[in-house]
Amino acid sequence: MERVGVFICHCGSNIGAVVDCAKVAENVRNYPGVAYSTDYKYMCSEPGQEMIQNAIKEHNLNRVVVASCSPRMHEKTFRACVEKVGLNPYMFEMANIREHCSWVHAGKNEEATEKATDLVKMAVSKVCKNEELQKGHAPVTKRALVVGGGIAGIQCALDIANNGYQVDILERTPSIGGKMSQIDKTFPTIDCSACILTPKMVEASSHPNINLITYSELEHVDGYVGNFEVTIRKKARSVDIKKCTGCGTCMTKCPGKADDEFNMNLRKRTAIYTPFPQAIPNKPVIDRVNCLKFKSRENGKDVCGICSKFCPTGAIDYEQVDELVTEKYGAIVMATGYEQFDHSIYGEYGYGKYPDVISGLHFERLVNASGPTQGHIVRPSDHKEPKTVVMVKCVGSRDPEHGKSYCSRTCCMYTAKQATMIRDHCPDTKVYVFYMDVRTPGKLYDEFYNRTREEYGVEYVRGRVSKIYQDGEQLMVKGEDTLLGKQVEIAADMVILANAMIPQTDSEKMAQIVGIGYDKDGWFTESHPKLGPVETHTAGVFLAGACQGPKDIPDSVAQAGAAAVKVCALLSKDQLETEPTVSKVDTKICSGCGLCVPVCPYKAITLETIQERRAGKTIERLVANVNSSLCQGCGACTVTCRSGAANLKHFTNAQILAEVDALCQTIL
Amino acid sequence: MSNNSVENFEPKILVFACNWCTYAGADLAGTSRLQYPPNVRVLRVPCSCRVNPQFVIRAFQRGIDGVLVAGCHPGDCHYTTGNYYTRRRFLLITRMMEYMGIDPKRFHTRWISGAEGPKFQQVVTEMIEEVKAIGPNDKLRDDMKVEVKAVETNE
Amino acid sequence: MDYAYYPGCSLESTGIEFHMSTKAVAKALGINLVEIPDWNCCGASSAHARGHWLSLALPARNMAIAEAAGLDVAIPCAACYSRSKQVEVEVNKSEETKAKIEEIIGRPYTGKSKARNLTDIFYRDLGPAAIAEKAKKSLKGLKVLTYYGCLMSRPPELACDDIEDPISLDEIMTALGAEVIPWGFKTECCGGSLTACRPQVGMDMTKRIMDAAKKSGADCIVTACPMCHSNLDMRQVQLSKAYGAYNVPVYFVTELIGIALGMSPKDLGINRHFIPAEATLTKIGKTSEGGEA
Amino acid sequence: MTLNEKQKQNEELNREFLRRSGVNVSKCYQCGKCSAGCPVGDHMDIPTNKVMRLAQMGLIEDAMKSHAIWLCASCTTCTTRCPKGVDVAKVMETLRIMAKEHGYVAEKNVDKFHSVWMGIIGTMGRMYEPGLIVGRNFSTGKLFQDTSFGIPYIAKQKLKLVPYKSGNMNEIKSLIAKAEAMDREERGNK
């Protein structure tokens, strides 16, 4: 027998001045199920809550409705309140008569009172159908996976490891280090990128709690918070990493040549290679696309094998195959970083065809002492030192029509940094920077930018560049100085474009594998833009670094630390509490059609075989089964289910229909 | 029965609002004191994809004058993909209801985010006006029969 | 291949060579051009300075006549092409526009009949290789600059080629054996529409282009726009008076195709250029290969 | 005069401008790419991005008074390259049409050229270049200007001396009249 207590809150005059609260209490007093009804000035106050608790005891109430503000405000408060006197917290409902009534219908007291009555009746009807629900529990695997071995991934792994938890770093290239290892100097301090990164890489590789899984890809993710099962593809290195000592003989002997992607194709590398000298692990892989042996095998021959002949430890293994391994983790951190926007979509900048129009990352390799030019700034076409350099900002950024609508956040600073580096290396070279705005809101950033102009003599021209074209050996850059209101044309020897940051090309696929959201550009979405910047909507999956949006090194490192704390907080628990408002399948009615399986965004539903006795025989049939730890309670499956077998607890068909009917009864 | 007279017709409109976006948007309209006519009643669901078309049809059967299903903007769904299902489902349902003789102006699907208090105000205000103009819902209503019965039994 | 043919005003006067060479070349390449009876001026480049509907209505009449004959319209002139394409696009975009246009011109035009740039027809419908196959001699030895001007590549909605680096002329010329010299002025505006009313501005714009042309080391410019042609060709006479010799011949694409097809310069109207253009043609075949197809 | 007073004065014009151009000028973020690529940029009294700025600020009268809108060669480089997808050329065109109607023509010659052109088409249906040259010079009062432009063409047999006249002049005249009426109508109401 339902015994509902109804409590109408005045919220001072917030509700009371518009809604006649006493009348609402009176209106529902005889409504089916209602055993007690009253109103009070402040229901959420200490005396208000006591009033509810006393009424529960005195009137033997087994369900409670409070009509006051939004449940987003005080549902938690009142659930706790009724729980204290032994009521199940899910035997409680709220009617929102403030945000949805008194505040939006000022002066319409009669109608507002009628509406409040309707809302209370709806809540009463629903609460009568409510069932007691218990929070669930799930165990926790005390190990984390960090996907991506750039600075964000490394930092995050170190922070987790230093808190005493096991952590794996999954990296798709042969070495950890990421984009930061390609960068020469870092702003605003101009310290050497490798000098601050390499120690972290070494620390990560030698940390007892960290395990590196390089040259490997994320293949599949199953499970749920605390209990992920991750399948990883370990790509065939063709080198036995246990036997290899990293002596490097193979690389000096290899006759195969390939574009050196680490050096932005500014030079060639061998087919057996490590991406850069400080690579970790410092053990090579064979690039099978460019290896002479593997190429010859495609034509039915089997030549070369030089690396194998020279390897002193016999580590070369041409027969290695990709290996799939499945590991268990309690938490996953996505730290997959960014890619550089491809400027070859811009016809007005030459469709990427002019050799001396390069990107910022190209420049980093050009100016790096271990790079293809030993750090001499020369232009790619003829290896001459440029006497005039034009830098163009916002290439691909802030260009909704042809590129990306967002600001890439880092370009203003790296352009300023690169401009000062040119002036340092080649004091006779003139540097012009075309800009729309200079955005330098970091610590010591604006000071740096101002030094670029004032002390380094870099010329900043306010305006976008309309066209770059080859004019003999030079590049003509046609821009506008909008401050002068005049067109300017600069004959340049080299042009450096500040390309936008974009997500990894397969970021959307990654997000789908892990089951997290991504925005229109492919950046992973955080659970709340302000208050949940490193969490995702999928419990147990966190974000670090530029995979969430353009970020510089300090921001990436800070976010990595934040993600690590969230991971540690999760791993520190022995058991996780789970929300009971999840979907449930009535196997008696389920026909096993499987329609609900693909609509579930959390892959929480699987088809399982059950055994049944029917007409004296044991038969087997398929039914849907909801993993209550994975289910987040959206209800997509309940609507998809044709037989009505799937139902969402606390928002069941019966509960919602009760509300609909309650409202409509007022019409009849 | 007062609202069955066309002159002073005050429609009743049911709003299914998803917890994460539209319910929050309606809350924001409240905290911003954005006024709208008191003809709407908001029913909270976790996601717009929880709204079974059956709920909508039941509401019309029981005499509701208009139904609004509102959720997060496509791409912003708290549950990633829920509102895509809503969009597809209700595209079909709208056509079906039109076929059943329910004026399509009585049923809408809208995307209103938690930041769009003014949009909530605007959408419901417009809908109330529209429904007011077309009068009370008299299609599918079981109460027409119920009423007759009631009269019979009363007398 | 049948097309309605819209020559436009320029091809009857300042660009008469284009008219002559188009007709000759089309015939040789098996393209049947049926001139739109009693066509009217498309309104470029004044109507759109006067009114939106005026700028649509003038070309719409021609398109409607072609549509009645069930033909797409081949348009050599880049300006006429652009204006006509605009109507086609707008009519296809909106029923309301279509209705208004039909009301103004008093004829049906559904937007089914397409405005096609003649060069684009050569490039896409015929293909450079097919043209080269019919060639009687190679243009080898001739270094050309391709010049598209504004209206073949802009605005993007109406363009018949790439907006920043159009290639149809390049590929046709290359297929015929000419050497295409890269330069940065393929799509730069020559100022044709200003030459008559602000000559100095037009002169400056032409000068920039011709300076670059001289510097490039090419023998000539090839274009497909009668306004660009008339402007670049005739203005060089004035540029020479003010700034010293400018004498880069400017050919219509159809003239050079005609030469490759073995036609005589005179039949193609090449003798009517301001900058003498017949002598340059002797550079062709210096290495004398290609020969008969 | 204060800015807000000036904007108030321009209110009506601004509404007309926004309606007729259909361009959302507030999208422009003043990067200057339109001015940078403008082939006539060197000769304009104010660069294209400043015309855009005037439009953005609702100072339509100032924009209509500029020479820039008349010097614009309609090459649409600005529109093509605009990172914000603003149809800059359409803004220039709309301002030209409005300037003519509201009596602000900074470049009389350009305007006369268009008038003579349209006049010829209105009487013959096609262009007649000698008529254009003579007509233009007649109306600008510079009778012999650019005969250097016409005579060489005649020498090259490039100008037809006898004009073509459409057999359906009534149709073309009515077409022009109807289109102009529709343009006028759009200007007036909506």
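First chain written, first letter: the chains are A, B, C and D, and each begins at residue 1.
Assume a contact is a pair of C-beta atoms (placed from the backbone, for glycine too) under 8 Å apart; a residue touches a chain by one contact, two chains touch by 3 or more.
The model shown is predicted, which means the values in this text are computed figures rather than measured ones.
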If you tally contacting C-beta pairs, which comes out ahead, A-B or A-D? Let me know. A-B
Cα-centroid distance, chain B relative to chain D, in whole angstrom: 51
Chain centre separation (chain A, chain B; CA means) in Å: 35
Roughly how far is chain C from chain D, going centre to centre by Cα mean, in whole Å? 23
List, in ascending order, every residue of chain B touching at least 2 other chains. none
Multi-chain contacts in chain C: which residues touch at least two other chains? 163-164
Touching at least 2 other chains, the residues of chain D are 42, 77
Can you tell me, using the touch rule above, whether these chains form a line, ring, star, complete graph or other shape? other
Partner chain A, residues of chain D touching it in the complex: 29-38, 41-42, 46-47, 49-50, 77, 81-85
Can you name the residues of chain A that touch chain B in the complex? 70-72, 96, 98-101, 103-106, 108, 111-112, 114-115, 118-119, 122, 515, 517, 519-520, 537, 581, 599, 601-602, 632-636, 638-640, 648, 651, 653, 656-657, 659-661, 663-668
Can you list the residues on chain B that touch chain A in the complex? 3, 10, 12, 14, 19, 23-24, 26-27, 29-31, 33-38, 41-47, 49-55, 58-59, 62-64, 75, 78-82, 85, 89, 121, 143, 146-147
Chain C-facing residues of chain D, complex: 20, 39-40, 42-43, 71, 73-77, 79-80, 87, 89, 93, 96-97, 100, 107, 109-110, 112-114, 117-118, 121, 125-127, 129, 132-133, 136, 146, 148-149, 152-153, 156-160, 164, 166-168, 171-172, 174-176, 178-180, 182-183, 186
Can you check the complex and tell me which residues of chain C touch chain D? 9-10, 12-16, 38-41, 43, 45-54, 56-58, 61, 100, 103-106, 150, 154-156, 163-164, 187-189, 191-199, 201, 204-205, 234, 237-238, 272-274
